[in-house]
Structure formats: structure tokens, C-alpha cells
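Structures incoming, each one as C-alpha cells.
Two complexes follow with chain A in common, the first pairing it with chain B and the second with chain C.
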Partner chain A sequence: MEKIISIKNLNYTYPDSKKPAINNLTVDIYKNEWLSIVGKNGSGKSTLTKLIDGLIDADSGTIEIDGQEINEKNIWEVRTKIGIVFQNPDHQFVGATVEDDVAFGLENQGMPREQMVKEVDHALELVGMHKFKKRDPQTLSGGQKQRVAIAGVLATRPQIIIMDESTSMLDPEGRRTVLNLIQELRQQQDLTIISITHDISETELSQRIVVLNDGQIVRDDIPRNIYDMGTDLSKYGLEEPFSDELMSTLRNSVELPESYLNEEELMKRLWKLRSNM
Partner chain B sequence: MNKLIMGRYLPGDSLIYQLDPRGKFLLTFYFVGIVFFANNVASYVFLMAFVLFAVYLSKINFGFFIKGLRPIFWLILFTVLLQLFFTPSSHPIWHWGFLTLSKESMVIASYIFVRFVLIIFISTLLTLTTTPIEISDSIESILKPLKKVNFPVTQVALMLSIALRFVPLLVDETTKIMDAQRARGVDFGEGGLIKRIKSFVPILIPLFVSSFSIAYDLAIAMESRGYKDGEGRSKYRVLKWSKRDNVTVLVMLAVTIILLFIRSY
Partner chain C sequence: MEITFEHVTHSYDANSPMANLGLDDVSLKINDKKFTAIVGQTGSGKSTLVRHINALLKPTAGKIIVGDRVITSETNNKNLKPLRKKVGMVFQFPESQLFEETVEKDIMFGPMNFGFSESEAKDAAHKMIELVGLNQDYLQKSPFDLSGGQMRRVAIAGVLASNPETIILDEPTAGLDPVGRHEIMDLFKSLQTKGKTIILITHNMDDVANYADEMAVMSQGKLVASGLPSDVFNSQKLLEDDLLTLPQSAQFAQSLAKKYFQFDKLPITIDELSAEIKQQVNGD
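Here is the complex of A and B:
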């Protein structure tokens, strides 16, 4: 697999803090993979996002994006390869209407208007928000706002999309549509997805999970193995997924496999049990 | 509160809506200027007829224009009464102390009243048919020549449009903070003036803090989307000057000429 982001011995300490936010962190992220970074508040997740996008400068260590090491000269070029969707949809809208906001990134690149119109339409179609084009963002639901934010990011055709707690303020319905959309886009557009979250149930669609604690990677594994940690997850301030918790309770009375099952698998297993009776 | 600042725009698509906002913006100011040339019954009737015609073309319910008068009702009343009783005259109809009422003062007071109505109606027409963002675009376009003297026109325009975009959000934020403070027992409607003003301090401080944090989030989001300094940006929204707008300018010119003919010298 081809590496798209390669981070080596990264260190960062906030100016007003003694404890490092990122502590000698090394990780490789591969093309087209969906990587989830989980950790409790203050574990360094969002700091890592900002470092990757060059929004803050590392104290030491290197970050390579698509074979290019980030430095002051190429930062704007590197940034066009990365799109970030932030947590609060209301705090990232610049435009007065949906289409204006999607166009913002393109305006920054100085794209001619005719091309922009096409790109905006295309991006809005990809996220299924085309009929809301003329609307004021204020009139949209949380999930719709995040879909518009994703369109704004997609319009500039990045290779990497970082979801910085982007679904944490959404209701379950909105969260599901956004996560499914991201999955679909990743496959269609050959995108690399980095999703950052403190809620482990949002990592189900990812292929790899990195657990961050005190600015260091404590686990780096496929989801099934992470979920199997069960109550050990609470050491890092994380809750085990609901289906896992349910399984460990059910094991006393029902025969269930030792390894992790997601909600759907567990459901299948459970209704089969009932039909055997 | 939202209604007060932003809720003036009324979605629609009549002729007035389709006019170029730059034209509308400038012509509104121009009209407010020429209103002061009117000085007899005929000229005021003529201008009123023109404004009512424009209102008719907008296809907006007349009630909205009357509502536009409401916020400055007291100012109008005060000015009209002042003109009515304090205009000096040699043939007063009625006289009491320093108050005099005469035929001239009644005429002048009614002129002032009509002048107010004209100005309010025409500017209400502008704000009802033009979105705040169109107005900010027009301002940018009108200020463009200032670029030559290094005035940061595009940055100011972006600032203006972001400010407009965040007004509803800050209104929401204010409501939230007020509710939170009410839940803690703050009473906003009680007490004398000083007490009421004081009770707003616990709203302003959290509002100040949260607007800073919103600004910080937004700055990070803008930078991550490649916003540098406004140089080398292209524009998605374009304003189109069409035939209609030429016609509107010509109509306004005709109005000016007719007005100059029928006013008395």
C-alpha cells in the first residue's frame, strides 16, 4: 500500500502548557484507507489535525504529505490536498448561501467563475444537497450543514479528508447519513479518510483505529481487535461499543463468540438463537 | 430581535427584485437626495405617485411599508409637531404663549410628513427586495475605485458579509445565554433603568467570550480552506447590469427632470 501521510517523531507543546500535547508520535497513513483516531478530551487528537494541516508548527519531527515534507514554502500547496470538516457546523460557514459557501475554497484558489459554477454543482450533487443550493445555511439541519461542509471540502478535490469530530454534534440520524456518505465518497473518489472522535461507536466503518492517550499512540490495530479490549478501553477514557457491552452481559446466559461483532452481526446472531427455540 | 436587524428581506421575484443591487442601492440614495427638491403640492404628489408605483411593481403587500414607518413613528410625530407649532408666522390662526399655529406651518408640517413617508417607503423597498449579501456586494463594487489608494476593499467586503452571516448565530447565542442566566435567577425585565442595564452585563461577557471562540474556529476553518489574504481570489457571485437597469436609470432621470419643472422657484 502506498503511504499518503508519514509522520515521524512529532512533538508539540502548547505555549502556555508544560505537558506535551503530542509526544514523539510516529504513524503512517495509507492511501484510500479510513483511519480513526480515538482518544478522550485532551489526548491530542485535534492538535494532531492542526499539525497535519500546518495550522500550527511542530516543535520537532516531520510530516510528509504525499511525498512532500511540510514546510513554510509549500504549506499552501499541501493544504489543497487536505480538506477538514470541523465539529461545529455553524462555526465553519463563510458563505451566505449554500452555493456561496461551497465556492469559498475555489475562490481562494482563484478559479475562473464558469469552472467554479460546474465544480460547485458537482460537489453539491455528490453529497445530495443540490436542491438546497440557494438556501441560507441557517435553515438547514445539523446533518445537512455537515453535508454542505463536506461539499465545500470536496469541491477543491482533496486527496485526504479529515473529519475532526464532525459528527459529534449531530443526532443519530444525521450521524448515520454523514458517515455513510463519507464511506461512499471514499470508495468513489479514492479518498483517504481520517476521522477523529471520542465516541468509539463512530469508528465502525473504519479499517484501522489508532488510540491516542497523552499525545502518544497506545494502540494501533483493526477495529475488531480494539473493540475486543472491552473494559480496558476505559483506561484511555473511552467507552466500549454498545454491542460489545451487551455481548459481555449476555454471555452468562447465551452462547456467543469471543470476538467482537458489530450491531448488525450481533442482531443476526440473536434472532437465530430465538428461532432455534 | 432577529426581525429587527435581518428580517427585512422578503423573498420574491418581481421586477424590482431582478434589478441590479448596485443600481437599486445608488438610485435609492439618489432618490432620497432629490426628495429635498420638492417644494410644492404638485411635486410632492408626483413623487408620492412615483414611489407608490414602485411599491406596486414590487408586488409586496403594502402593510410591510406601513410597518417600516413604525420604528420612527415618534420621531416623525415630534418633527411634525415641532414644525406645526414653532414655525414663526405673521398671520397666526391660533396663538398661545410661544406656540403658534398658522396656515404656513400646517403646510410645512404636512410636507415634512410626506417627505418622511417617501424616504421610509423607498428605503424599505430597497431592504425588502435586496438581500444583505447583495447590499454588501454592491458596497464592494461601489468602493472598488478606492483600491487604487490601497484601501483593502475585498477584505472589508468579506468582513462585512461574514458579519452579516453571523448575526443570526449571535442572536441565537444571546438567547441561549439569556435563558441560562434566567435559569440561574437573573431577572431581565425588572427594576429601574440602571438595574436593567446592569443585568445585561452577565449576558455581554459570555457573549463576548463565545464570539471570540467562534471567530477563532472560523479563522482556522478559513485557513484550512486556503484563505490567505484576499489577493488572487476569484468571485463566485457576480452582479449583472442589464437593460432593465438602464431603463430604471432613465426613469429616474425623467423623474428628476419632471420634478425640476413642477417645483416652484
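Here is the complex of A and C:
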């Protein structure tokens, strides 16, 4: 597997703060993977994002992106490879209309106007916000803002997309649609997805989950092994996936295995028990 | 306080060619001292609806009756303080609500604005910060030097500190870690059992099933259903029209019913689901 991001011994403490927000963090992220980053409020997830994008400078340690160590000189070039959907979409809006806003990133890339209009329309269609292209982004509903913020990033066609809780205000249907869209794009375009989320069911889409706590990586594993942490999950602010929770409540009177089953596996097991009756 | 919407319509930019209906002839009663959840797709009018309750928005037509106050298109902005003291609101984006230099001053702002003395307001701030799961150290920080979830908690503390009778929560748990989400939902429930009226906008159907007494479903500015969660989530019509997503327990039950299992009414909480499964598997 080819590394797309390689972070070594990264440290960062905010000015006036006593505690490091990122504490000697080392991780490799591979091309085309979908990585979930989870952890308590304040564990350092958004800070890590800002460091990767060079919005803040690490106190020590290195970040390599696509083989290049980021520094003051190359940060602008490196940044074109990364698209970030920030936690609060209001911070992202710069345009007076939705279409201007989505066009902003493309203008920066120096794209010719005609092509730009096409790309903007396409990105807005992907997220279902085409009808709203003349609107002031500030007047959109919460979920509509999040969709536009996602369109803004998709339009620039980055190699790496970091989503910082960017579907937290979408309705369940809408969230599924957007995540499926991202999954499709990842497969078609060799994208790398880093998704910061508090939604445990969303992590099922990922190949790997990194658990942050106090600025450190405390677990780095495939989803199934993370879900098997049991009561340790709550120590890191997480919850069990639904099927696990259901299994715990059933276990005292229904015979079930000790290890994690996903919903489908659990359902098959229950059908079998029921049909044997 | 009982809250009644009577044929409320809200048109954004009513006089421009871009006019769109945020609310379309909504009539709804929100009962006193109940926990009411409001759900619906992105852009369906949920935030628009609740902003009428403390007169942040005025109806284009119709009226809202909040306790002894009536809000119409004619209502002017004077003398709204008594209403806003009774009806606290946590906004969808917490940052829009934070503005002071320190977290402590931020939480104290509401109470002092509504007539608490400085020392009472300070006491409230010290009490509330713990209730939302942050320690006293955060009081002296700037509210803008916090993580997203920490800001959310401070915004909630700020609203609770003035002790409003009715508490409106616009997606208050978006951005909270799951452990924090459960703690904060339990906190809202305990406030309700102590006599508050809670109005919660959420996309989390499990929270609706677990915490709400009543629910309302919005779609394209219209109220399309209201009632008990166990009834609303069992409405075939809403599900067929894709106006509602089921809680995870109900979804699981639905799939389980494809073979061998049968549910007269879909269970909506994990306890209901597990009781049903036990009974059907063990035959007792």
C-alpha cells in the first residue's frame, strides 16, 4: 500500500494552553483508504486536521503528504491536494451566493470560467443543492449548509478529503446518500477519505478506525476489533454499534457468541434460533 | 407553558422573486411540561418553526399562542424580554450564541440580562458548567478557544443558567461524543421531570424513541404528523412517503420480520425490541 500521508512524532500545544492538543502522534494514512477518526470532545481531532492542512504549525514532528514534507514554501501547493470540510460550515462560506461560494476554490486554481460553471453545477447536483445556487449561503438551513460545504470541496477534486463531522446535521436518509456518494467517488477516483465522526454506524464504512484521546492515538485497528473493545469504548467517549448493544441486552436469555456480529450476522443467528424452535 | 400554532405561515423574502415558504399553514399544539421532538428532512422548516416561539421570527399569517402571549405578524419587538426569559433557545450552530471574552461571562450573560444578581449569575455558571460535563477550569477560557463539542456544551449551559420554563433545543447533540450525548439527553429529561417543557429538534430517531413523549414531523414547511412516537413510527403512510426514518430498533425488527419473526407493532426502543425477541425465540 502506498502512503499518502505520513505523520511522525507530531506535537502541538495551543498558545496559552498548558496541555498539548496533539501529543507525540505518529500515523500513516494510505492512498485510497477510508479512515475514521473518533474520540471524545476535545481529544484533538480538529486540531490534527488543521495541522495536516498547515493552518497551524506543529511545535515539532513532521507531516509528509504524497511524499513531500510540508513546510512554509510548499504548503500552498500541498494544500491543493487536500479538501477539508470544516466542522462549522459557516467558517467556510466566502461567497455571496451558493454558486459563487462553490466556485471560489476553482477560481483559486485558475480554472477558465466556462469550465468552472460546469464544475460548480455538477458539484451542486451531486449533493442535491442545485436549486439553491442563487441563494446566500447564510440563509440556508443547517443541513443545506453542510451539503454546500461538501460541494465546495468536491468541486476542487482533491486527492484527499477530510470531513470533520460534515454530515452531523443531515437527516438519516440524507446522510446515507451523501456518504454513499463519497464512497463511490473514492472508488472511482482513487480518493483518500479521512472522516472525523461521532456516528459509530458511519465508521462501518471505513477500513480502519483511529481512536484519539488527549491528543494521542490510543487504538488503530479495523472496525470490528474496535467494536470488540466493549466497555472500554465508553472510556474514549464512544458507544457500541447497535447490534452489539442489542446482543448485550439479549445475552442473558438468548444464546449468542461472545464476539462482535454485525446486524446481518446477528439477524441470521436469530432466525436460526427461531427456526429451531 | 402550552404553545399553540394556529395556521402559521412564514414566507422568507415575502416581497422578492426569491420568496419561499419556510412554514405553510402549520397548526400544532405543544403540551405543557412534555418532552416534544420535532423531526423532518433537511430544510423542512424545523428551525423556522421553533424560532416563532420566542418571536425571533414573526409569522406572515396565523398566530402563535405562548402561555398568555399571542404572536402575530403585527407583534412588535418591544417588550419581548418576559417571553424570552420564559423560553430559552439553544441554536443549531452554537458559535452564533457565544460572544463574551470568557466562558464564565458568556454563561452569566443570560441570567444577568433577565435580572439575576451578579453573584447569582456566577453561581449558576459554576453549577451549569459541571452539569454539561466540563470542569471549572473552562470558565476562564475564551469560548472561541474550545473544540466544537465543548462550545456546544457551553451554549447549552448558557441557556439553562437563566432557568427558563420552556427549553428549545435545535439539534443540541450534533457534535457531541456519544457518551456526552447520552449524558446531555438525560439532563434534558431530568429537567422535564422537574417541570420544564422541552422541545427538541433532532435527526436522531433513537433519541426520539428513548426520550420524547410526543413528536411532530415536518416536510416542506408543512406539519405532516404528530402524536406519540410509538404511533407515529408505526405510520405506514409516513414511511411509504419517505417522510420519516425509523429508530434502529424498529429498522432491525422490520428486517427480522422477513423470516420467522412477527411484530404486531414495531418496537422502537432497544428494550422493547429485546423483550419481543426473547419472547419469540424462547416462546415465553
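Quick notes on this one:
Please note the rule applied: the second predicted complex is superposed on the first by the 225 of 277 C-alpha atoms of A that agree within 3 Å, B and C clash if a C-alpha of one lies under 4 Å from a C-alpha of the other, contacts with A are read in each partner's own complex, and residues count from 1 in each chain.
By definition in this document, a residue touches a chain if its C-beta (ideal position, glycine included) is under 8 Å from a C-beta of that chain, and two chains touch if they have at least 3 such contacts.
Predicted model, so just to flag it, every value in this text is computed and none were measured.
Of the two partner chains placed by superposition, only chain B is touched by A:Trp76; chain C is not. Of the two partner chains placed by the overlay, only chain C lies in contact with A:Leu250; chain B stays clear of it.
Using the contact criterion defined above for the overlaid structures, shared-chain residue A:His198 touches chain C, although it does not reach chain B. Of the two partner chains, neither chain B nor chain C is touched by A:Ile222.
Of the two partners chain B and chain C, it is C that touches the larger number of chain A residues.
Of the two partner chains placed by the overlay, only chain C lies in contact with A:Tyr14; chain B stays clear of it.
Shared-chain residue A:Asn88: touches chain B and chain C both. In the superposition on chain A, A:Met267 makes contact with chain C only, while chain B stays out of contact range. Across the two superposed structures, the residue set of chain A contacted by chain B and also by chain C is 88, 90.
Interface residues of chain B, counted against chain A in their complex, comprise 131-133, 161-162, 164-165, 168-169, 214, 217-218, 220-228, 232-238.
Within the complex formed with chain B, the chain A residues making contact are 50, 53, 55, 76, 79-80, 82-84, 86, 88, 90-97, 99-100, 103-113, 116-117, 120, 138, 152-153, 156. Within the complex formed with chain A, the chain C residues making contact are 12, 18, 39-43, 47, 92-93, 95-96, 145-150, 152-153, 170-171, 174-182, 203, 205, 242, 245, 248-249, 252, 255-256, 259-261, 270-271, 273-274, 277-278, 280-283. Across the interface of their complex, chain C is touched by residues 14, 16-17, 39-42, 45-46, 87-88, 90, 134-135, 139-144, 147, 165, 168-175, 198, 200, 234, 237-239, 242, 245-246, 249-250, 253-254, 263, 267, 270-271, 273-275, 277 of chain A.
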